[in-house]
Structure formats: structure tokens, C-alpha cells
Amino acid sequence: MTASQIIFYLISAFILSMGVLSVTSRKIFRSAIWLLFSLIGIAALYFWMDVQFIAAVQIVVYVGGIVVLIIFSIFLTQQSGKEMPKAPLLRTIAGALAVLFGFAFTFLLIDQYGFPAIDQPFDNDVARIGNAMLNTEQGGYALPFEVVSILLLAAMVGCIVIALKTKPEEK
Amino acid sequence: MNYSSYIALIPLLPLAAFVLLGLFGRKYFNQSAGIIATMLLLVAAGLSLYTAYQYFFVNGKVGDAYQSITAVKYTWLTFSENVSIDMGILLDPISVMMLVVVTFVSLMVHIFSLGYMKGEERFATYYAFLGLFTFSMLGLVVSSNLFQIYMFWELVGASSYLLIGYYFQKPSAVAASKKAFIVTRFADLGFLIGILILAFYGESLDFNTIIHNLTTQQSSQFLAITSASFLGVSALTWGLVMVFMGGAGKSAMFPLHIWLPDAMEGPTPVSALIHAATMVVAGVFLVARLFPVFSINSDALTVVTIIGVTSALFAAIIACTQTDIKRVLAYSTMSQIGYMMFALGVSGYGGENARLTDSVGQGLGYTASMFHLFTHAFFKSLLFLGAGAVIHLVHSNEMKDMGGLRKLMPITHISFLIACLAIAGIWPFAGFFSKEEILLAAYNKSMVVYVIALLTSGLTAFYMFRLYFSIFWNKEAAVHDHHHGEGTLSMKLPLILLAVCSVAAGFIHFGNYVSSDGTALASEFHLSFAAAPLALGIGGILLAMWLYKTANDKPERLATALGGLYKAAYKKFYIDELYLFITKKLVFNLIGRPAAWIDKNIIDGLMNGIAAATGWISNLIKTLQSGKVQNYLLYFFGGIAALVIIFIYIWKP
Amino acid sequence: MNLSLLLILPLVFSLLVLVVKGQQQVRSVALAAAVAQLGLSIYLLIQFLGERAVNNAAYLFELDHSWYHALKIHYHVGVDGISVAMILLTSFVVLAGVLVSWKQEKLYKEFFFLLLFLSLGAYGFFLSLDVFLMFFFLEVAVIPKFLLIGIWGSGKKEYSALKLALMLMAGSALVFVGLAGLFFNSNVDGEHTFDIVKLAANPLAGDLQRFFFPFAFIGFGIFTALFPFHTWVPDGHSSAPTAASMFLAGISMKLGGYGCLRVATWLMPDAAQHYSTIIIVLACIAILYGAFATMMQTDLKYINAYSSVSHCGFVLLGIGMLTKTSINGAVLQMVSHGLMTALFFAVIGMIYDRTHTRQVSQLGGLLKVMPFISSVFVIAGLCSLGLPGLSGFVAEMTVFMGSWQRAGAFYHTATIVACASIVVTAVYILRAVGSSIMGPIKNNEHLSLSDAGWHEKTAAVVLLAGILIMGIAPFWLTDLINPGTEVLMQKIGSIK
Amino acid sequence: MSDIPISHILFVSTALFFIGMYGLFTRRNMITMLMAIELILNSVNINFVVFNKYLYPDKLDGIFFTIFIVTIAAAEAAVAIAIIINLYRSHKSIDVEDATDMKY
């Protein structure tokens, strides 16, 4: 068992446990924090796979942005201490069964499918990504880049419109 | 010898009367309807007498047998190549005889109704229906096709329905007409099935062809019909019995007689025409028409005889106890027709192989029956018209309201007496000769039938003279003073004419005109044989005189002495109640109501059930859209899982 | 003679009715339409008889244009003896229908438009020789019925209208399955076709026929009150307004019968023979069961509706027996029952307009008050119980003779069962006549009722003329229909 | 890093994916459902990166996919939270059981 294997198993265990806790904890604020740790675990996994740029993005956007946003929304919508209501038993069982069945099934599929082990080095430094990002020839992602930016703009406008739609008497 | 020039006129003239008076009667001819109808019928009667003269005396006889001439014939409705209804006029001894009888009696009734029905609001419609009836009766008599006779058979039934229900304001008249039509319709069902059987095996609907096909032993149709059998009885017997059932229904024979007494609800001249002389003998005529086929099948003939004899005896017994004079006459008609039926039943066919010692042929029954039909028409219609005159005077049907009317109504009294003597079978009058021939024919065939017939003739004499004495003698006339006498001349003339006929008809040597195979039938007259019925007749008269000549309590004491039998006879042996029970309880409650209930609840319920089921299912599906997002997720995931499994494992393209 | 004229006329007039203003003009336009249509049908009859004498092709005056090429649907119209008889029947009944609803105030414009549109559906159905075109006109006729009953009806009209429409729709759905089966399995010189004549020339394979026949037969059977599917008839007819119930009972039940004959039996003869026992059993049940159920009804319209179920049982019996005479009888019964039931509904409508009640127990002694209407009622009653001289007798006797011709104890017993219905019919008709027309007057305000107006008299006379012509001289009608049935019988062959 | 078979990493990402699914199924609070969605998106990212790194090292498609997913996830979270706040305003609770107006 090499050091990296151990590290990998540690990280994945960490991610999964944090995920389970985030999904099952009764307190909403605590579940947000578990989510935070789980995302950090994933970033660690990226680092382990030494795709640093993705890890950085992961940390900046997910951990920095989205989780913070979620925490803000928690404060806005309810007292963080209160217990969250339990889902109806039937649905929990059904959910659990569905999930287990899904996991087992995919596990089986992945297991059966012999992935070829290619050990070529994976050059993914930021420059190459940057070039590809704005490159317009074959394999370039200029178009998706522009589309995504429009999407983000639309999302921002949307959020503002939705969130700000306060009727005068309601204020 | 072409009859077709005028023969078709005989049935069509009354039809013209019907159409004319039916459509325009109420508005234009309300008063003169009677005259028009009577004139038209007079012409028809004249024509039929002329035809009779032509047929019997001038050219009907070829060789020594009267031919059956088909005067007119054209196809009316084709079913298949050789089976088609074609309207035609067939002239042979019985149909010409019937032509004369029907037109003459109808003329008498028309004349009588001029006086009797004067002042009725629907006077024109009355004569229209009389015209329709006479047309359909004449059509029935001369028809040459089995289906044509069925058509006129139904028309006769319908016109009798209309005439019985003439006083439609009276619920009893409406019920009586409905009962008459339904019972005869039930019998017609049998007749129709009989026709279908005979037509299917006889492969034709024309009388001559059917009779030829089914009587020649070696013909393919004969073999087919006798070989085919259903429940052990040969198809020929089935066919004939079914046809006889139709006849029995129309002639009010034993099981299907319940409608005749109630049919007295109609005006009396109608009863005189329909329920005495014409319609009720249609059954006898039908059996006579198909007699050659009947004669080769002994089972059918036995059925006819049994039904005939039972009806004769049964009706005579009931007649002795009835108090309504029209009901007495109705039962007496039924009894006399019973005579005619069993006369046919005991008759053989043709005259050659005379079995009896002297040369009286086997076909005596047939001639006797027709002769009795001929004479019966006259004196029975006379009786009814006489009763009509009496009712017209007394305005009630019950015997107890009558008595001692001989001085007030001399002509009616004399004519009624003549008719009673005739029907009782006293020597000079017509009834004696025809009944004696029937008794002779019965004597030849079977002793049992002869004895019963003899007994019934005694009973007939008794109840007729019971009726006569209670109307004209018994107690003094209790009629209120301002009565309008015996009625106009138009009511008296028919009585006189019919009385003359009741006497004269007896002396006609019927044998050499009407016989089963057309050849003359020598029927000698045996004084010794005639003694027995004559004695019984006179005995009956004396008994009636003894009981009813003067008002006394002997009849009541006799009635209590007889006790149960008298009561049962008075109640018509409870057959009406039996029929009512069957129709009301069994048919209506056990078949009609459940049928309607099943239709409403089960089948209709089924349809509404389907509608409700769709509603329920759609409700069920509706709850899937529960609005809960997570349920949708679950269904969504379930769908994906299913698709994945199918496309990976099951679906092998 | 251009057959499309028979279709254009009602279409134009129905549109004209929408344009014209005022009840007076609307009803006179409708009357003109009906009279013109009657004239046209009689002209068609004369032309047809003339043409038939000359050329004995199965179908005369054929017109065939491709209507929807992609699906090979053709506007193929043609006429044979049977369709001429049915067209005559339709024109008689529609004329009587228009005349009877002369005093129709409520939404008279739409009423007459729907009536004429309905008659267009019927004419189209009888004319068409393309199975899809038949289906098209069948559908054209269903919606107006729903509207006529739903809006102008009486009693629980919405329920009955909905029930009628749904059951007829179910029927046409089944018919469509039958058509599709015929179309996709037909290979007339290589490709599919809807054309009846071609389909009849080369029928489907035996088992295919056995599969698709029930669809077509039951589908059309629902229109002709086939036994288990007849429950729309009593409700539908009794809640419909007079003219609609006349059309419904008179013509739309004949669409089914004609369809059963033309599409089910002729195009799939082996299957018809195969299923004939079941059809006969259902028909006999319908006849007797319908008659007994009628006995128990107290509402005049229900009596006539149930009796239509029983009479249409004869049509199915005639078709089920598959002999030449019985099919002749079936067609005769369709024509005679059409006229007779239209007359009965017309008279019941007249009585209802005056006394505002159809309950037999409340009516009484009308003969004194309304002599004309009551005598027409009695005549219609006598016709429906099969009095000779009227059309009922001719039709029923032909069916009985035809069904008896088929040898075999089962067929004979079936005929006897059918014959037994003439007694039961007599019972319920006479009960209805006895208690509502004859007998003492039950309530006194009936005394002041008026007799029939001119329009009602003409309507009754038109239908009576039809009944009497057919009853007194049926040979012209049988000669008209015979060649048509012979063409049908060539396929059925084995049964004589 | 060299001797870990790719399938193990995929097991991890699948596990994470189904944990997110479980959260989505059973959580009644909309925000927690949002978190579950984030988990699912991250598991997908892991897959992309792993496939890119181990199966197609010469191309960068996986990476770019992940980048775009991340951006869209951010936008999606923002819109989702806006909706949740709006819902909170009208229904006074963000429990998914109460928001059942969109039903039959």
C-alpha cells in the first residue's frame, strides 16, 4: 500500500462520511458545514490527482461561493437552531432502497467494465487550459465560454428580479 | 268462362265503402253513411248470388266434379323462385257458398244497423269498419294463396278489434277488444308457424300446388315433410296442428275461446255478423280449405275432432247457466262451431270408397259441416238480431229484466221462435237437416263422438228454449210505458228474411253442390236415424217450458240442487281467471318486469358502470400528480432505472 | 344523374338556413330543402329503374375522384337498389321531421341547420362506396345528434345525449378498427384500398376476416341496437325532440343495419357465416327481450324506443340468417321500420305538445278529442304489430320466410322465437293504444285540446303514404332491392 | 496515484452521487435539497476529471466540462436560493411538503 493509496482512501472516506453526515443531520446549519467539509475533501482529491487548477476552481467557487451563499440563505429563511422535520417514513425507505439499488447497480456496471489503465502523464497546467479556453480553432472552447458568460448574466438578472420582487405593502 | 271481369268487385265494393266512409265519413256522409254502405253491399250480394248461380248451375261442373277456378292471380311479393305471395281469387264450392253466406248476412246486418245504430255519433265510422270487415272476410274466403289467407285473417282480426272496441268510452269494451285481438293474435302465431312449415316443405304457397305436393304420396315434398320430424311428431302433423291452432283461435274453440263471450261488448249487429256467421267460421273454412291435406293425416284429424267435441259440450253446459242473453248466444255459437269442427274431424275424403253399407260416401262429414255452417249462419244471425231488437227495446242484456215481450214485439217473437226451433233441430227447420247429417257422419266414424253430439243437441234445445221462454214468456212485460215499439221496418225486414232462410235452407240437397272432392254426394235421409236427436230436442224444449214458461222458483231450486256444478258453469269453469293468472302473474311479473328491470339495471347499469369505472381510474391516476416534488423524483428515478435495465439486459437489438 | 347533387343540396340548404333571418323564412327554407331532396330522390329512383333495365352493373351512376391521395381515400359514390331504397326512406323521414318541428321556437335556426346537416350525413353514408367515406359520413351524423338531444331535448337530456354520443363514438371506433383491418390487409393489384367494390372482389384471408368481422359488426351493431349495446336507444330516443327522435330511430339505426350488411357481411362473407349463429342468438334476444321490456314501460316514447330495439332485432336476424330472402327482408324491415317508427314518434310528439305528458296512465280517451292524431296513432300501432296492408307485415313476413328457408333445427327454433314476438308486440301496442287513445277521458282539460295543424297532418300523410305504398304494393320495392341482394349473395353462396 | 485502479475513484464518485440522491429524496427542507444537488454535481465533476485524466490525457475536454459545470452550478445555486427566498415569503416555510399548489 503506497502512501498515495492511503491518502486516496483517507480522502475518499472523508468525502463520503462528510457527505452522509451533511445529508442526514437534523440541524440545517450543521449539515451546511458538513457539506463544506465534503467539498473541501473533493478539492483535496483533485489535488491528489494533481489537477491543481480544477481544485483551485473548486475551492474558490464551491467552497467560497456556493456554500457561503447557502449559509446566507439559511440565515435568511429560518432560525438555524430549529430541528428540521423528518421526511415521511415511507419516502425515506423508498429513497434508501432506490439509492442502494442504484449504487449497487452502477457499482456492478463499473466493476464489469474493464477500464484500460493508461499511464501517460496528464499535462494540465493552467496555460494550456487558458489557451484552450479562448482558442477558436478546433478543440477550442471560445463559444461555450461566451455562452456561459451570457448564462451567468441571465442568472444574475434573474436572481435579482426574483429576490427583489417585493410588493410595496409587503415591506 | 271468365269470372275475373266482375268477381274482383265483390270484395272491393265493401273496401270502397270503408275507404269512402273512413276518410270522408265524419264530415260529409254522417247521416247517409248507412244507405251508401248498404247499397254497395247490395250490389256485392247480387254479384255473389250471380256468381253462385253461374258456378253451381251453369259452368262450374266439369265432368261430374266442380272445378276450382283461379279467376285472378298476380304476384304480390316474391320470397324465392317458387315461393311467393300472389293475390288471387279461387272459386270452388265452399268459397262460392261462403261468398253467398257472407254477403247475405252482412247485407242483413247493414239493413238492421240502419235502425239500430241511428243517432250514434260515429255512425259513419261504424259503417266504415263494417265495410272493412266484410272486405277482409270476402278476401279471406276467396284467397288462393296460404299467405293471402293469413293476410286477410289478420285484417279480419283487426276489424273485429275495431268493431268490438266501437264504444271505446267503455273500459270494458276496450279491454274486450284488446283481449280478442291478443288471443286471436296468439292463435295467428300458430297459424304463421304452420304456414312456414307447410311452405318450407310444400315448396309453394299456392293452395292448389301445396295440396298437390303434400297429398301425392310419392312426391318429394310429401316424403320430405313426413320424414322430417320434431319431438317425434312428423312435420306434416306439426304444420297441420299449428294451422288448426290458428283456426281454433279465430273460431273460439276450447282452449282459446275466452275472447268470444267478452266480444259481446260490441254493438249487437256486429256480434250478429262477426261472432255468429262469418269470422268465427273462418277457422272451419280454413280447415275445409286445407281438407285434402288434413284428410291424409289422421293425427291432425283426431286433434280437430277432440277440440271440436270438447268445445261443443263445454259451451253447451255453460250456455245453460248464463243470464246475459248475448253470452248465451255466444256460447251457443261456440258449441255449434264445435259441431262443424268435429264434423270435419270425422270426415274422410271423397265419396268413392263408401265404407258404410249404403252408398253414403266417406266425405259426408265435410259436406255436413259445410251444410251446418250454411244453415247456422242464417239462424244464428237471426237470433242475434232478434236479441238486438230486444236489447234495443229493454236497454239491458240481462234475462231478469225481460219477460212477456211476445205481445210487444210480435215479429221478433215469431222469428226468434223459428230460429230457436231451427237450432234445436226440429224437423221442418234447417238445423234439423244439417245437424242430422253431422250426427250421421259422427255415427259412421266413432260412437263416442256420436253420443256426445247427441247429448249436446239435447242441451242446445234446452238452453235455447230457456232463453226463448225467459225473454218472451215468464213474467208480464215490465217495460216502462214510453218505449218506442219494436223498431223501424229496417230492423224487422232482416228478421223476416232470415227467418225464411232458416226454414228454406234445410231443403237444399247440399250434398250435390258442396263435397270434399267436388263430386256430388248422395245423402239419403233415414227417418229411423233422425228419430233420436228429434226426441232429445223435443225433450229439451219441454224441460225448458216446464222450468221457464211461467215465473216460478223451480230454476232456483234446481240451481241450488246442482250446487257446485251450476256455480262453476256460471263462472265459465274459471278459465278466464286461469288465463288472467297466467298473463298477469306469470307473463307480466315473471317475464316482463324482470326483463325491464334487467334492462334498466344490469345492461344499463353495465354501461353506467363503465362510465363510473373510468371516473374511478382517472381519480386514481390523478393522485400521482400529488404536487410533492420528491415523489416525482422517485418516479423519475424509477423510470430511469427501468430503462437502464431494459436497454442493458433485456433489449437485444 | 350526378349523385353528388344529392349531397350538395342539403349542404347548400343547411348553410342557407344559417343565413336567412326570422323563423318564418328559416322553416320555409328547411321545408324547401326537404321537398327538393324528396323530389331528387324520386328522380333518382326513376333514373335508377330506367338505368337498371338497361345495364346490370352492380353499381350505377358511379363517380370516383381521388380525395386524399396520400392515404388512397377516394370520393367514390355509387348507388344500387338497397341504397336507393334507403335514400328514399331518408328523404321521407326528413321531410316529415321538418314538418313536425314547424312550431320550433327555441333556437330554430340552429335546430334546422343541425337537422339538415344530419340528413347530409345519412345521404352521404348511403351513397358512398369507399369504406373511409362511409366512416366519414357516419361521423358527420353523430355530433348533430348529440347537440339536438342535448339542447332541445326533454327529461334528463344531458345524460341521454352524452350516453348516446359516447356509445355511438365507441361504435364508430370499433368500425374504424374494422376499416383499418380491411385497408391494411387488402392487396388489390399491389396496394391497399378503401374501395368497397375492389375489397369485395378479393376478400381477406379467412382468419383475418374472422378477426376483423366482430369489430365492424359490433361497431355497426351498436348503431342498430345490437343486444348488449342497445341501452342508448331508450334514453336517447325519449329525451330527443320529436324531429331528432324520428331521425334517430328512423334513419340512424338504419345506418348501422346498412353498414352491417354492406361492410361487415359483404366484405367478410366467410366470417359472416362463421359468426352467424351468434348474430342470430343476439338478434332473437333483442327481439323478444326488447318486446317484453316494452310491455313494462309507461312512457309512450320509451315504448316506441324499446319497440325500435325489438324491430331492429329483425334486421339483424335477417342479416344473420344469410339467405337471399332474409337479407331482402332485412332491407325491407329497415325501410318499413324507418317509416313506422318515424310516424309513431311524430304522433307521440304531437300528443306531447298538446297534453305535455307522455305517461300512458295520465292520457285517456284522446280519440274523442283528437280524432286525426289518434287514428294515425292507431294506424302506426297496427303497422308496427304487422297488420297486412301496412309495411310492417311485408317486412316481417319476408324475414320470417327467409330465416325459415335456412334448414336446421336451430334456425327454425330461432325463427319461431322471432315469430313469438308478434304476439308480445300486439300486447304492448294494444295496451298503449287501449289506455292512451281509447277508454274514458282521464283529465278534463284534455277536452279542450286542438287536433293536428296542417303541418302535422302533412307530415303524417307523407309517412302514411310511404307505409301504405310499401304495404299495399311491395313488389316494386322487392324488385328494386333484389339485384342488390343478389350481388351480396354471390359472395355468401353456399346458403341458398 | 499510479496504482489506484480508476474504478475505485469511480466507486467514490458513484457513492457520492447516490448520497446526494438520498439527500434529494428524503430531505424536506429545500435548502438541504440544494446541498444534495451540489453533492451530485461534484460527483459528476469527479467523474469528468477522472475520465479526462486517466482515459484521454492528451485532451482537455473533461477539465473544461468540469469548469463549465462549476460555473453553471454557481448560477443554478443563486437562482435556486432566490426562488427559495421568494417561496419563503409567500408560504412562510420552505418545507417542500407545503409547496404543493402545483397539483391536480
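All chains are identified by letter, namely A, B, C and D, in their written order; residue positions are counted from 1 within each chain.
Here is the rule we use: a contact is a pair of C-beta atoms (placed from the backbone, for glycine too) under 8 Å apart; a residue touches a chain by one contact, two chains touch by 3 or more.
As the structure is a computational prediction, the values presented were derived from the model and not from experiment.
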item: Mutual neighbours - chains that touch subunit B and subunit D alike; value: A
item: Pair sharing more residue contacts (C-beta pairs) when A-D is set against A-B; value: A-D
item: CA centroid of subunit A to CA centroid of subunit D, Å; value: 5
item: Geometric centre distance via CA averages, subunit B-subunit A, whole Å; value: 104
item: Subunit B-subunit C separation of Cα centroids, rounded to whole Å; value: 37
item: Centroid spacing, where centroids are CA-atom means, of subunit A and subunit C in whole angstrom; value: 73
item: Shared interface positions of subunit D, touching two or more other chains; value: 21, 25-26
item: Sites on subunit A at which at least two other chains make contact; value: 87, 91, 94-95, 98, 102
item: Residues of subunit C touching at least two other chains; value: none
item: Full enumeration of touching chain pairs; value: A-B, A-D, B-C, B-D
item: Interface residues, subunit A side, partner subunit B - complex; value: 87, 91, 94-95, 98, 101-102, 105, 109
item: Subunit B residues within the subunit A interface of the complex; value: 630-631, 634, 637-638, 641, 644-645, 648
item: Complex contact set, residues of subunit C against subunit B; value: 163, 166-167, 228, 230-232, 234-235, 289, 292-293, 295-297, 306, 324-325, 328, 365, 367-368, 371, 382, 385-389, 393-394, 397-398, 400-402, 404-405, 409, 415-416, 419-420, 422-423, 426-427, 430-431, 434, 437-440, 473-475, 478, 482
item: Subunit B - residues contacting subunit D, complex; value: 622-623, 625-630, 633-634, 637
item: Subunit B-touching residues of subunit D, taken from the complex the two chains share; value: 21, 24-26, 96-97, 99-104
